[in-house]
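By letter and in written order, the chains are A, B and C; residue numbering begins at 1 in each of them.
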Amino acid sequence: MPSSTDLVHAVSADLEKIREAAPLVLSLTNSVVQPLTANLLLAAGAVPAMLNDAEEAVEMLRGGAGALLVNLGTVTREQGAVMQTAVQEANRLGIPWVLDPVAVGALSLRTRLAEQLKERRPRIIRGNASEIMALAGYSSVTKGPESTSSSADALQAARELALHTGAAVLVTGRTDYSTDGRQVIATENGHAMMSRVTGVGCSMGALAAACAAVSSSPLQAAVSTAVLMGIAGEMAFEQSPAPGSFAVSLLDSLYSLSPEEVARRARILPL
Amino acid sequence: MPSSTDLVHAVSADLEKIREAAPLVLSLTNSVVQPLTANLLLAAGAVPAMLNDAEEAVEMLRGGAGALLVNLGTVTREQGAVMQTAVQEANRLGIPWVLDPVAVGALSLRTRLAEQLKERRPRIIRGNASEIMALAGYSSVTKGPESTSSSADALQAARELALHTGAAVLVTGRTDYSTDGRQVIATENGHAMMSRVTGVGCSMGALAAACAAVSSSPLQAAVSTAVLMGIAGEMAFEQSPAPGSFAVSLLDSLYSLSPEEVARRARILPL
Amino acid sequence: MPSSTDLVHAVSADLEKIREAAPLVLSLTNSVVQPLTANLLLAAGAVPAMLNDAEEAVEMLRGGAGALLVNLGTVTREQGAVMQTAVQEANRLGIPWVLDPVAVGALSLRTRLAEQLKERRPRIIRGNASEIMALAGYSSVTKGPESTSSSADALQAARELALHTGAAVLVTGRTDYSTDGRQVIATENGHAMMSRVTGVGCSMGALAAACAAVSSSPLQAAVSTAVLMGIAGEMAFEQSPAPGSFAVSLLDSLYSLSPEEVARRARILPL
């Protein structure tokens, strides 16, 4: 099992690799968060691409995409079909893909879709406690896109979901948990203000895809995502303690984040 | 008839209730303004939810939504059908809903849709002068999403529309007018810079829905919306007199708004 | 051939005319960049309108639109049909329209659509080097929405495309080139940070439409677009050297831009 120090070094290495490789992340994501998601990927050093057509999704993946994000936030039947095609092609090409099952459990269309997609070898699944519990087959209560359970409540569900799917599962909350079903790594970076800006959680899914494109393992990619986003959130709040300016500072902080800052702030606890 | 002082207290009370109850506002709104709308609801203390599927809209309403927003800004035939279903379910459940008839009068698809929806008991209708006049059956001239009439021009139309529909009507402009058809309340908070940021008007519709979820009456909810947004706009302009930073400060101001500031700045004139 | 000094004066005149005339720019553009595009048009002094329905597009054009933008960034078959209808009506009415062929060459649906649209008399075509080369029939390599060629590589393609279509072609990059096929004008305003914010390039297409509504010629409109956006980018970077705050400052800078600043900073080189 890696030490906390090894894990911190690996987080910095992932950020460095994103900045060097500038992986193209095809992001099939909900309309509310598209601007923030694209800007967050750019701030991290990745290249976002978004589109709505199945044929074009296949072409974009073949043209050199490093990762695929599938976020179900405002999905329609038509977009669900595009996602299915994209996932099939990503798997054929060996491109890692991330599933972000927004509000799954509460809403039928996306729950049916997520049930299918989770069987198709996502490399990472990112969700809040309610979403992860629902996707693992636990009953849970959701209030719109917000979780009503704590991330610790979802830990057992996350492990089972990871073992069932082969994905690393990242449960985000006050403490974030990353697990491949065997190891569990808790990370405690972040700030409550992140939940007062729309799309921060969804952007973590996109960052997870960027990390998956370069990282040594899906589990490390999940840890790197939680720590990088969390540190950027902490730094942003120190600059800007209200939500409008916080969102601006979040992008600035991620863009400017140094390995020294990562080393100084990362709170990683292998369990 | 309530005094100005009573009305000011009720505005602060509505803000406090939003922050305590955190009502879920299902926002079926146009793609241009989705990020600002969601962020404004979060800044006010509400919880935004957005989606594109009729079945999911019904489920979200049944799952505890406090209010529904229907904004026609970039509507398609498909989204119109989702809106019709959502309005029917909101009425069945007694959930208040707000109609924001963006650019109605000038454009056929949304005008036909708004004509149907206005008969289905919206709790609040929010629009600029041109939109309210068009929806009330007056002829008017619109330049895209901008009104070419003043809000005072629309006052008679607003009263008639309120009496016909049973809704409180909020006509936004340099002076905002709220009316239930009998009472008219003028409010004079706000700043011209609000019209230089896309989605501020549409976000007022969303804030009206949040207010409708907690307020003592639709008329009070309309007044609270106009005053809270207007004060946030005034404070934002004092911090940030250019439109990019103004939009950021608008969210910060609403998030930080205190009852003292409301009492100090509110300009409410029962007519 | 106009001198650099004449061209600089014409840039300032175009900005002044946008602020006075406030042209309505119907922007059929991709969902990722809609908020920034609308806000950038507002910051420049224009009035944005966005919609998704063919009948409404025709009505909006007839109702007094000054220009039309067609941006293919997240196009679907349905939106492609709306665009075709809008272009036909714009041509019938003599309203200038701008084609922004995002990622054309790499992706089939939009490439087929762009091949058709380029034959329908766009007044301006704006793209990066890869997009312009692809649209002119050169083979090129694209990495998602990013160009892998320099704008100078695309100069011959741009001239041919301009002569074939009758449009002014604006190739954006480190140096921007504007050409009507005979004259070529290089402009060297801007900053690399502009490529770290999603939608800045797409917003240039919208600004080009606003300029086309008021300018003396399509070629001048292209030059004005490149210079105004480039100067706003330079000023923004001086205020805000990280991408979140840079995007905010970009809008502020364009809003506040004075003729003196244009005269002081414009770098225009007729070739």
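Convention: a residue touches a chain if its C-beta (ideal position, glycine included) is under 8 Å from a C-beta of that chain, and two chains touch if they have at least 3 such contacts.
Just so we're on the same page, UniProt names per chain: A, B, C = Hydroxyethylthiazole kinase.
Here the structure is a predicted model, which means the values were calculated and not measured.
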Note to self: chain A (Hydroxyethylthiazole kinase) rotates onto chain B (Hydroxyethylthiazole kinase) (CA fit) by an angle, in degrees and to the nearest 5, of 120
For the homomeric pair chain B (Hydroxyethylthiazole kinase) and chain C (Hydroxyethylthiazole kinase), should the interface be classed as same or different, according to whether the shared residue numbers exceed half of all numbers used? different
Just curious, how far off is chain C (Hydroxyethylthiazole kinase) from chain B (Hydroxyethylthiazole kinase) if you go by their C-alpha centres, in Å? 33
Out of chain A (Hydroxyethylthiazole kinase), which residues touch more than one other chain, so two or more? 31, 35, 247-248
Residue ranges of chain C (Hydroxyethylthiazole kinase) touching chain A (Hydroxyethylthiazole kinase) (in the complex, touch as defined): 30-33, 35-36, 73-77, 103, 106-110, 142-146, 196-199, 242-245, 247-248
Residues of chain B (Hydroxyethylthiazole kinase) touching chain A (Hydroxyethylthiazole kinase) in their complex? 24, 26, 31, 34-35, 38-39, 42-43, 47-53, 55-56, 59-60, 63-65, 78, 247-252, 255-256
